[in-house]
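What follows is a pair of complexes built around subunit A, which joins subunit B in one and subunit C in the other.
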Partner chain A sequence: MLPAPLAPTRPAFLTRTTPVARLVAGTAWLVAGIVTLDPIVPVRLSLAAIVALWLWSGLPLRRIPGRLAPLGFAMLSLTVFSILLSSANGDRSLATLAQIGPARITGPAISAGIAVGLRVVVIALTTLLVFGPSDPTRMADSLVQQWHVPDRFAYGTLAALRVAPFMAGDWTTIGAARRLRGLAPRGPVARVREAGGRLLVMLVSAIRRAERLALAMDARGFDSGVRRTHFREFRVGWRDWLTILVAVAVAAAAFFVPR
Partner chain B sequence: MKALPASRPSTELFRWRTVDIVVVALLAVAFGVVFWAWGTYVWAWGSFLGPQTESLLTGVWLLPAVVCPLIVRRPGAALFGELVAAVVSALLGSYWGLDTLLSGLLQGAGAEVVFLITMYRAWNPVIAILAAAGAGIGEAIHDLIVSYPGLDYAGRAAIGAAEIVSAIAIVGIGGWFLVRALRRTGALQTFPSGG
Partner chain C sequence: MTEAAVAGPLKIAAAPPSIEATDLGWTYAGRTRPAIEGLTFRLEPGRVLLVLGPSGSGKSTLARALAGLAPHVLPGRWQGSLRIGELEVAETPARLLGERIGLVFQDPDSQLVMTRVDDEIAFGLENRGWSRPEMVAGVPEALAQVGLSGFEPRSTVTLSGGEKQRLAIADVLAARPGLLILDEPTANLDPPGMHAIFEQLAALARRREHTIVLIEHRLEAALPLADDVLLIDDEGRQLAFAPAGDVGRDAIGLLERSGAWVPRAWQGARRADERAGVSAVERAGEPAASSRSVESGALLLEAVDIRVEYPADESGKRVALDGVSVSLWAGERVALVGPNGAGKSSLLFALAGLLRPAAGTVRLRALPRDAEAAEPMRDPSRLKSNEIAARIGLVFADPELGFVAGTARDEVSASARAIGGRNGSGIDEPDDRGADGVLARFGLGHLATEIPFRLSQGEQRRLSLAALALRPPAVLLLDEPTFGLDRRGTQAVLTLLDDRRTAGQAQILATHDPRLLPACDRVVALDRGRVVFDGSPDAFLAAPPYEPAGPWRDGVAVRRTDAAGRGAP
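For the complex of A and B:
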């Protein structure tokens, strides 16, 4: 049911960086991508992201297009509706480029629409660069060590993440149990009602699991109040500063360099 | 050891027990999975209906911001729940990923403010609806800036209103009934909301 996470297949520059450094670097691109309606900025950032994915991420490149395919829908509809509903279309001083029924379409509307559609690409590629090169455990380690996120919250969340695959199993089991009792849905309305019923049972089972897990964790002193030491230590090094520096420089260049 | 047995409700409001943390995190993980499925299978198709209609479906994204605090009744539960759900959907490969963190932060903060105003003492349907509206406002602020920046005022007002209405219907009213259904199963006995 759940897609396998995209993990790096070889060591690369970004797999050796601290996760929070990538988070900072990615945020710079996200901000640069969403503060302007000029399409050249997301185009430049997308190209930079593709280069970075190719050279430094260590991710299997062949699996990326398949993973990003559903993105096409979102991008297309966001672009089309941004163009059709743009406020620039009501500006009489702009030349009409096309007339579709009552809708009038102008040049600035098209360029802004393309910019909004390309934002989605920038966000998706940057997300891969930030979360792709390491697993959730390292992200939690780094959040606790570098940003001093409360450790009980970070590791409690990590423990909950480990249980996620069991919940997918629960979903299947609950469905089978309901069918056995003759509760198999017929028709779309019944299907939605049935999904609601299954979701409730799944949430009950999730709460029960969480309670047992918390009890087991407390039994091992999770909440003892003793200062925690770290098994894997992250030190912010030159690679991290270089990553942040280059990302900010690229974001600034994408934004300020004239066409 | 100052750890309390998990079955005794803690009297200290600001001290999260391990069971509070893990239950909110696991519920958020469950919602994160729902987000991912919703975004991939429903949202992608719903986007052909146009932004105003689509905005009526956005309430689903806000469920953790209201359901988690209604269950554990701790300060910060709205923010923590919504952020974890955002992180989980990013880890599952939701293509919005990094941007989800930003919107999760705004949505969680919108609901958290309402619970903060009540000093975490009032837990009734009216507060649930107000918190849902708060989360909806946070979401509308994010979406109008990131997804619909070039639209005219009428279009943006319609989208903002649709998102808030959706939040109130799906999360305020729906979330309240969801927590009530959970309580009736007896699953919430460890929590102040279970009695």
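For the complex of A and C:
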């Protein structure tokens, strides 16, 4: 069973902004957080993101760490490998901070590694700020209305998102069926081959479901040549401009202000 | 962001149209045989048409033609004429048809597009270019029509199956069509969900604001709503079109022979007091369900006081089963019933050792002939995959998810190969020859090299049973084994199950279909994770342990009483 999506529990500043405005604002942070090798920039951005999540996102703060926990592993392994494999370790002019077997580790390698690991944090928190305050339907609406993204692409993707949880259930069922048929894999090679077979069945099932959904959408007049109207209209307002302005300013400050 | 909502005037509903088919036919691209052929009838505006026919008779194809999906969306060849009101379907743009016609499908989960209820209803209206005030007025109005007022902000994933299907009907009603087509709208629903849908349909039919075409297997509930019936045979040809109360004996006879379910009211007076399912199955040669004494067989499978829980979000754990005890003896067939969410699937999974209960024990005897032997009963979740396969089989509601091989023949021999001869039931033929024998016995002999996914629904169902026949497990668990099957298909499945039961196999059928209960020895009923009944089918049907009990007994008894007095016989 999949966990319920993280949704705002109260109205807040960002829940009243247009999704594409948050997309622009978030892009500024992602750019600033990714191009740098100095760990201070992602640290500053992460702190700013936490403040923004706390004060303006409307999301239940207590549930965020649990939701981001799986990323912790990615962050840690990225950090460790970046430190171990950093080219700075080969620079003889730098002092050796630690020696693990044949691996020599230098100060700049550690700081660059931490910067790489913290990128994951910035990306995760920024994504939450962009997508968290409204559900995916609003993002699709806003993309169609503000950026004129084609209906078929935006709402098709949305429909696919709705079908995705069923695929998780199918995967479990298929695995259960195989165990009871005496075909549960033993050993890593068998496991990979079995996963291929499972995937094929899941794909067939997903395609059948997608075909039925597409037919149901057609039956309800989707893309039938009529100009689509909008039940929810988004107009870019002062909150949106303020969000973009503040986000760009924070990104610039995090990037340029010296330590 | 969103501006304050201003409700405008409602769009004017399309008037209910007549339907006039003249020699109507449709052949899907890539097929040589037409799916429907030579349909000729005229349905007057505002009437309710019930379409009857066996599986594969083209009922869904007719629904698609009426909605204009054939020929405007689906590829294929159109024949004859179909007029809806003044519009000739094949010559009218899909856009115009869409404004007058609404189509509700069988599976609620593959026709809802949006995650929020109000967005879901608005989706179809946006597609048709409605103005915002019209939509703001139309959404709550549509929800009110299906009894879902106030559901606007709900997430569609939190709705029950019946609520989802009512939402799907609201989606279609919101566009205010004159013609409403429902293609087995209750097939996926539990008895209470089905009951709610039929109540909504009865209310709609009473108002006579729509022409309604209904395709349904649950005839006891559907027939009372119908003004006219259209009978189609297994080749997609018309057997009869007549007022519901005035269908000729000959046509009924032909319909029965085609393998379709036939309403009880049409089956004549000779077994007036019998339930539809029993008589239908018996007349077709099914031996009467003998009530056997449970003590005669050996205890094969036993769950004692089990508790199954799933991780939930904030509120801690969601309990699926609580203190459930069930025993299963050799040679008995048990029906497992209960509303959706009562824990039927969890119980099947726990019994098969696919999930380990948080408390309580599940114990499984090895094989029926070892039952007297000293081998202790074992926890199925601790058995190896090939060990469990020799003991327990599970057939899923969707047979496709259980297929493991590229051809029907390999599908049948796959389990036997994995289990090996040692644990088998004494069949020592080479697997391929054995597999062909099994396929022939299951009526699939000509399909040995066919890809399982390409078989029809009924063939897939039989193949999923055939796959367990070469090394028959001592215990067979079946989830909705007759879902979507007509009378002939249901009877075929029951006959195959009977053979194995006679050989000592114990069977559990999880089902929503009351027609199957008389063919079982015992009924176990679940409600909210607890066993609320464990006894004979007769006792269950006499007093179902649910409120209201009617839907569990024999379909539904929604009576339509409109001014014209046309109603249930």
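Methods note: the second predicted complex is superposed on the first by the 229 of 259 C-alpha atoms of A that agree within 3 Å, B and C clash if a C-alpha of one lies under 4 Å from a C-alpha of the other, contacts with A are read in each partner's own complex, and residues count from 1 in each chain.
Everything below uses one rule, namely that a residue touches a chain if its C-beta (ideal position, glycine included) is under 8 Å from a C-beta of that chain, and two chains touch if they have at least 3 such contacts.
Here the structure is a predicted model, which is why all the values come from computation and not from measurement.
**Student:** When the two structures are overlaid on chain A, which partner does A:Ala190 contact: first (subunit B), second (subunit C), both, or neither?
**Tutor:** neither
**Student:** Applying the document's definition of touch, where does A:Thr137 land relative to subunit B and subunit C: first, second, both, or neither?
**Tutor:** Once the two structures are laid over each other on A, A:Thr137 reaches subunit C alone.
**Student:** Quick check for you: in the superposed arrangement, does A:Pro165 touch first (subunit B), second (subunit C), both or neither?
**Tutor:** Second partner only, subunit C.
**Student:** When the two structures are overlaid on chain A, which partner does A:Gly221 contact: first (subunit B), second (subunit C), both, or neither?
**Tutor:** So A:Gly221 meets both subunit B and subunit C here.
**Student:** Counting only touches as set out at the top, which of subunit B and subunit C does A:Leu245 meet: first, second, both, neither?
**Tutor:** After superposition on chain A, A:Leu245 lies in contact with neither partner.
**Student:** Going by the contact rule set out at the top, does A:Gly90 touch subunit B (first), subunit C (second), both, or neither?
**Tutor:** The first partner, subunit B, only.
**Student:** Is A:Ala103 in contact with subunit B, with subunit C, with both, or with neither (first, second, both, neither)?
**Tutor:** Once the two structures are laid over each other on A, A:Ala103 reaches no partner at all.
**Student:** State whether A:Leu61 touches subunit B only (first), subunit C only (second), both chains, or neither.
**Tutor:** Touch status of A:Leu61: no partner.
**Student:** Could you say whether A:Arg209 touches subunit B, subunit C, both of them, or neither, answering first, second, both or neither?
**Tutor:** Touch partners of A:Arg209: subunit B and subunit C.
**Student:** Of the residues on subunit A, which ones does subunit B touch that subunit C also touches?
**Tutor:** Residues 3, 136, 159, 163, 204, 208-209, 213, 215, 217-218, 221-225 of subunit A touch both subunit B and subunit C.
**Student:** For subunit A, which residues count as touching subunit B in their complex?
**Tutor:** Touching subunit B: residues 2-3, 5-6, 26-27, 30, 34, 37, 67-68, 70-71, 73-74, 77-78, 81-82, 85-90, 109, 112-113, 116, 119-120, 123-124, 126-128, 130-131, 136, 152-153, 156-157, 159-161, 163-164, 167-168, 199-200, 202-204, 206-211, 213-215, 217-218, 221-225 of subunit A.
**Student:** Note which residues of subunit C are touching subunit A in the complex, please.
**Tutor:** Where subunit C meets subunit A, its residues are 1-3, 67, 69, 73, 93-95, 98-99, 102-103, 105, 107, 109-116, 118-119, 122-132, 135-136, 139, 157, 171-172, 175, 310-311, 313, 349, 352, 354, 384-386, 388-390, 392-394, 396, 398, 400-404, 414-415, 418-419, 453, 467.
**Student:** Going by the contact rule at the top, pick out the subunit B residues touching subunit A in the complex.
**Tutor:** Touching subunit A: residues 1-3, 6, 16-19, 21-23, 25-30, 33-34, 36, 40, 43-45, 47-48, 50-51, 80, 84, 87-88, 90-93, 95-99, 102, 145-153, 155, 178, 181-182, 185, 187-188, 190 of subunit B.
**Student:** Would you mind writing out the residues of subunit A in touch with subunit C in their complex?
**Tutor:** These residues of subunit A touch subunit C: 1, 3-4, 16-18, 135-137, 155, 158-159, 162-163, 165-166, 170, 173-174, 176-184, 186, 197, 201, 204-205, 208-209, 212-213, 215-235, 237.
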